[in-house]
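Have a look at these structures, which come just after this line.
In the two assemblies presented below, subunit A is common to both, partnered first by subunit B and then by subunit C.
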Partner chain A sequence: MALTLPPDVGVPLSWPSQPGNGLRRSRGLGRALRVLLALALALWFILPLVPLALWAFADRWSFPAVLPQAWGWDGVRTALAQGAVPAFGHSLLLGLLVSAFATPLGVLAARALAYHRVPFAPAVSVMLFAPLALPAFVAALGLNVVLLRLHVPAFAGVVLLLMVYALPYTSYTMRVAYGAHDLAIEEEARLLGASPWQLMWRVQLPLLAPALARAAFLAFLVGWSDYVITLLVGGGTIVTVPLLVAAAAAGTGNDATVALLSAAAVLPPLVLLLGLGRFGRRPNGGRP
Partner chain B sequence: MRRFSRRRFAGLLAGAAAALLALSACSAPAPTHPGLTSWGQVTAAAKGQTVRLWMYGGDEQGNAYVDKTLIPAAAKVGVTLQRVPVADTKDALNRVLTEIQAGTKDGSVDLVWVNGDNFGTGKQAGAWLCGWTSLLPNMSLTNPTDPLLTDDFGTPVQGCEAPWSKAQFTIAYNAATVTDPPHTLAGLLDWAQQHPGRFTYPAPPDFTGSAFTREVLDSVSGGYKNVPLRFDQKAFGRLTPALYGRLKALAPSLWRKGQTYPKTSTELNALYAGGQVDFTMTYGPAELTKLVADGTYPAATKVLTLQEGSLGNASFLAIPATSGHQAGAMVVANLALSPQQQAAKADPRTWGQFTVLDTARLDTAERDLFARLPQSPVVPDFNVLSKNANPELAAAWVPALDDAWRRLVLAGQ
Partner chain C sequence: MAAPAVLVATFVVGGGMATSLAQSLGLFPLVGPPSLTVAAYAAQASELPAGIGLSLAIAAASTLVACLVGFTAALVIVQGRWCGKLVAALGTLTIPVPHIIGAASMSLLLADSGLLARLFNTGGGWPELVGGPWWIAVVAEYGWKESAFVALVVTGTLATRAVSYDETAALLGAGRLRRLRHVLIPLSMPALAVCATIVFVYSLGSYEVAWLLGRAYPEPLPVMALQLFNSATLTARPEAAAVAMVTTTLSFGAVAAAFAYLRRSTLWR
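What follows is the complex of A and B.
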């Protein structure tokens, strides 16, 4: 298997997607149903955001009016007064840092589990998944004592804990990707004289790019959306968007502020997701 | 690397387990005095300190008052004040408890806006610095025998927190739909039965809903004087059958026939704002003025003044025993007690929180600060609102009442 040469070395590697396409193309009623389903799904995702968008710019919206009675910038003003701008900066930094640490660790763990003989591999897999079962509140309360005793700076403690919470997502995503990844291709590259660096940059990375992007995105979300670890372990040193949203949502009459902050909080992940769609594809347009 | 990550996980989990064990076997150290014995020492030590004030962040007016008025004033006396917004004061207490576990001396929480069971729980765990309020010069402007300031929901304050604001349990109604407002709590319950579906209350253990059941307890017992403040099982057994009997009889007339209750006071407020019920209730009447002004609440919202009075409480600023900036925190607590800050905070256009100062102890210029405050179009003067103020029951009553409510009223339909 490893010694089989590709049929035509001059042609870039691509997945056998062309012949399969004809089979997957739906016609007639099936096609209409598919379009309908897609539309319904899109609606399902967009509908909850409509009241959010309306509330964000509603200065006055009392029952039973269907639409806000007064539009304005009160929500924006209050959100800014609560420190929304620095909070967005902090959230972005936290999400990116968590992603930057959890993604490579997830890759290493997944690769080891996929290709190497790991002692007690099932137990290791369970361990990697364990953070999902541990409520963040428990981890924050328990581990903060340890972090304080070790004099770990608050911000480093937050990144460390959130990284652990992001690991199940990154390692699982990458484990699946490695499951579908054909090692023979790497072996072929080595046989053709690729150096380890070339192998990584020219073969592994392009093949795994979509999965990597997905893993990094999920890890980003963990840092982006956390409340309890950021607050309890961070000790108030970093006020992020979820802290502002939770505090505002705990009160009455803050609907515009909460809506504006929440809607704004959806944007960065959305931009990242669209970026995923653009850059997270396999090379040569091959869609698996 | 893979082995590293495995070991890290094992370590983290073991650490978590150990920490949880330690937490459950919690025996906190007694709070220590920082060695500050005079106000001069305190102000000298406070210079240049950064104080983090953790406070419930759901009140935009409260946030604005701290950001725009208290923080600049603190900066003038050399203390950098930072506000940390939390969804629930328990979050601040939880952070302090982990700091106590870790033996931290330079904790991240320097000041907490607190009262009631959060204060009581913290005091039991040794979370608060005690015996420091007598150092504050502005404490002399409060009445040392004021029961609202000496006991916080039955927990003796003992200098473990400095008073900040007073509050009165307040029931508000929409005068456009309620044309015959009742004048007693018993009358309110009768009104609710005559107008099915137009009244409800948050399900205990919600703070506000729980306070409402205590109001009903006072009412069915023939006045607060008949309910002992200290909890005892005999009084509970004697007094509460009438309470739960009344609430059970009321239930079918409540919103959605009492089959479900608003889970929080915020949910009740939303029902009221949406016109689905005609009454709402709050332990923070200060918010009413703004909520009516910005159209969240109906314009005809009025405060129901009850002949028998209503429950009153005070909220405080507490300094955690683990805070590394206790002198700075004391300076801020003293500043917050100054007539200027208390008057600014009592202005309904700013926040509308009632003062804890005793006006008899103020000089004419200071008294004038309060006299000049505009009257809120919704909330009556504190003197009116707090007439016949009923003292809060000891904190031990609260879980017993909440628990029995769940068994007898919620489940026993």
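What follows is the complex of A and C.
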């Protein structure tokens, strides 16, 4: 597994908060402690990202200095020279392909489990979650030989493995969405003469759009963040951003390059996540 | 309709395990005829206990940190208001960070020439956090990344029910600590247990963070397996597969134990 992602818990990737009333509000010393605790937690979450921002545009930052001594574009130049642009292309392609395969498969599996009689349904659910329990390096290490003997192209092999590691997220997200989905609306549309095609485009898709977007995003993230599967199954031929970062970070004196590549690797999914937050809150996209 | 997903999952999970097992037992040699043997396990027998212990310790420590910080963050977030929103926003920021990027940033933060060493100008007395004997940076990375994950999941469970229960308890005169003990902790326990399992299994079987931030010896199991896999010796491949099988056994054992616990307790509804 490339990373642990939040499974859908009803309102995922957006932080639900309820206003509540004054009953639980803290006062005096308790309130001060609570604010301190919140600030400490905020620091805990943001602190590891601070050196990335500082190092990314630091040309010179020798040891005891607390802040960079010279700002500039050296990091950018080195990163470009090391092939940051093709690596970005590979990462993007990998994320999109994993998302393109794992989302429909997850949708189909979730719909079958939610509405149809699936033979051995518990076993099917276990199988869909099994990738969470099997360390990614074991699958990559074992299947490497098989994929080589079957002459599966390296890129296809990487996509296949990552797709399976994205399935728990897509199928679970869609399973929850189908659980909240009202079949009566589909029946009503059919009663009013909607064709299966219209049913899909005009009823199912709009109702499930937020969940679909979440599932697709999580699957994209699996492809975008993976290191060990790309390394082992790709056999060094597919250089993605995580592989570049790892190579640079394992050496010494590349701090600016590492920071720049890392910051650049975090930005695209972050932009997607922010967009997803807006999309998910669209008033006509939610549950009926 | 579930068939395509199940088929690919079976191929990768079942196939990955079966081929690893076959390789570890000498049935898939690079050269020579296949023969059933446990030589690969025997060859690593002296290294395995240290690796197992280290991997379990790192996973346990990371899970503990992630659950404690994540649960605290969830409590602050559920309280709402501006400090909750701030913690929530910054926690969300860490969700799309890949682990290898998290590891690289931890190194820039915690290394002896990192940001913290510069801030607390200790004059060379900075503790060995990266690559040190206590694997602090590794645990810090897992704890940091996964605490946001735990916070997100626990917030999701708490937000739907906790506020009303919490208010009822407050109305009936329960103090802050009693509400925490009798309302908030029991309500978040199932989600927390599931999260802990996921975090434990992930940090047990993950390679890149321990590889980048760890020390050369002893090695946690994934690092050990990949070093063997990449080494030039012909006998090393089965040994790598043997280490992989040991990791898999531990991982599935942890999941089975968690399920047994969840089933036995009345938490699972």
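Quick notes on this structure:
The rule is simple: the second predicted complex is superposed on the first by the 229 of 288 C-alpha atoms of A that agree within 3 Å, B and C clash if a C-alpha of one lies under 4 Å from a C-alpha of the other, contacts with A are read in each partner's own complex, and residues count from 1 in each chain.
Just so we're on the same page, a contact is a pair of C-beta atoms (placed from the backbone, for glycine too) under 8 Å apart; a residue touches a chain by one contact, two chains touch by 3 or more.
Since the structure is predicted, the reported quantities are computational estimates derived from the model, not experimental observations.
By the touch criterion stated above, A:R202 is placed in contact with neither subunit B nor subunit C.
In the superposed model, A:V66 lies in contact with subunit C only, and not with subunit B. Of the two partner chains placed by superposition, only subunit C is touched by A:I46; subunit B is not. In the superposed model, A:P135 makes contact with subunit C only, not with subunit B.
Judged by the touch definition given at the top, the superposed model places A:L54 against subunit C, while subunit B stays out of reach. When the two structures are aligned on the shared chain, A:V146 is found in touch with subunit B and with subunit C. Judged by the touch definition given at the top, the superposed model places A:V164 against both subunit B and subunit C.
Which of subunit B and subunit C touches more residues of subunit A: that partner is C. In the overlay built on the shared chain, the residue A:G236 is in contact with subunit B alone; subunit C does not reach it.
Legend: residue contacts after superposition of the two complexes on their common chain; A:L108 is shown touching both subunit B and subunit C. Residues 63-64, 105, 108-109, 112-113, 116, 118, 124, 127-128, 130, 134, 138-139, 141-143, 145-146, 164, 167, 227-228, 232, 246, 248-250, 255 of subunit A are contacted both by subunit B in one complex and by subunit C in the other. The part of subunit B that touches subunit A in the complex is made up of residues 1-2, 5-6, 8-10, 12-13, 15-20, 22-23, 52, 54, 56-60, 63-64, 67, 82, 84-88, 91, 94-95, 97-99, 101-104, 107-109, 265-266, 269-270, 273-276, 287, 290-291, 294-298.
Those residues of subunit A lying in contact with subunit C across their complex are 1-7, 9-13, 15-21, 23-24, 26, 30, 34-35, 37-39, 41-42, 44-52, 54-55, 63-66, 105-106, 108-109, 111-113, 116, 118, 124, 127-128, 130-143, 145-146, 160-161, 163-165, 167, 171, 221, 224-228, 232, 242, 245-246, 248-250, 255, 258-259, 262, 265-266, 269-270, 272-273. Across the complex, subunit C meets subunit A through its residues 1-2, 4-6, 8-13, 15-21, 23, 28, 69, 72-73, 76-80, 83-109, 113-115, 118-119, 121, 141, 144-149, 152-153, 155-157, 159-160, 163, 166-167, 170-171, 176, 179, 191, 198-199, 201-202, 204-208, 212, 222, 225-226, 229, 240-241, 244-245, 247-248, 251-252, 255.
Within the complex, the subunit A residues that touch subunit B are 59-64, 69-70, 74, 78, 81-82, 105, 108-109, 112-113, 116, 118, 124, 127-128, 130, 134, 138-139, 141-146, 148-149, 154, 164, 167, 227-228, 231-232, 235-237, 239, 243-244, 246-255, 257.
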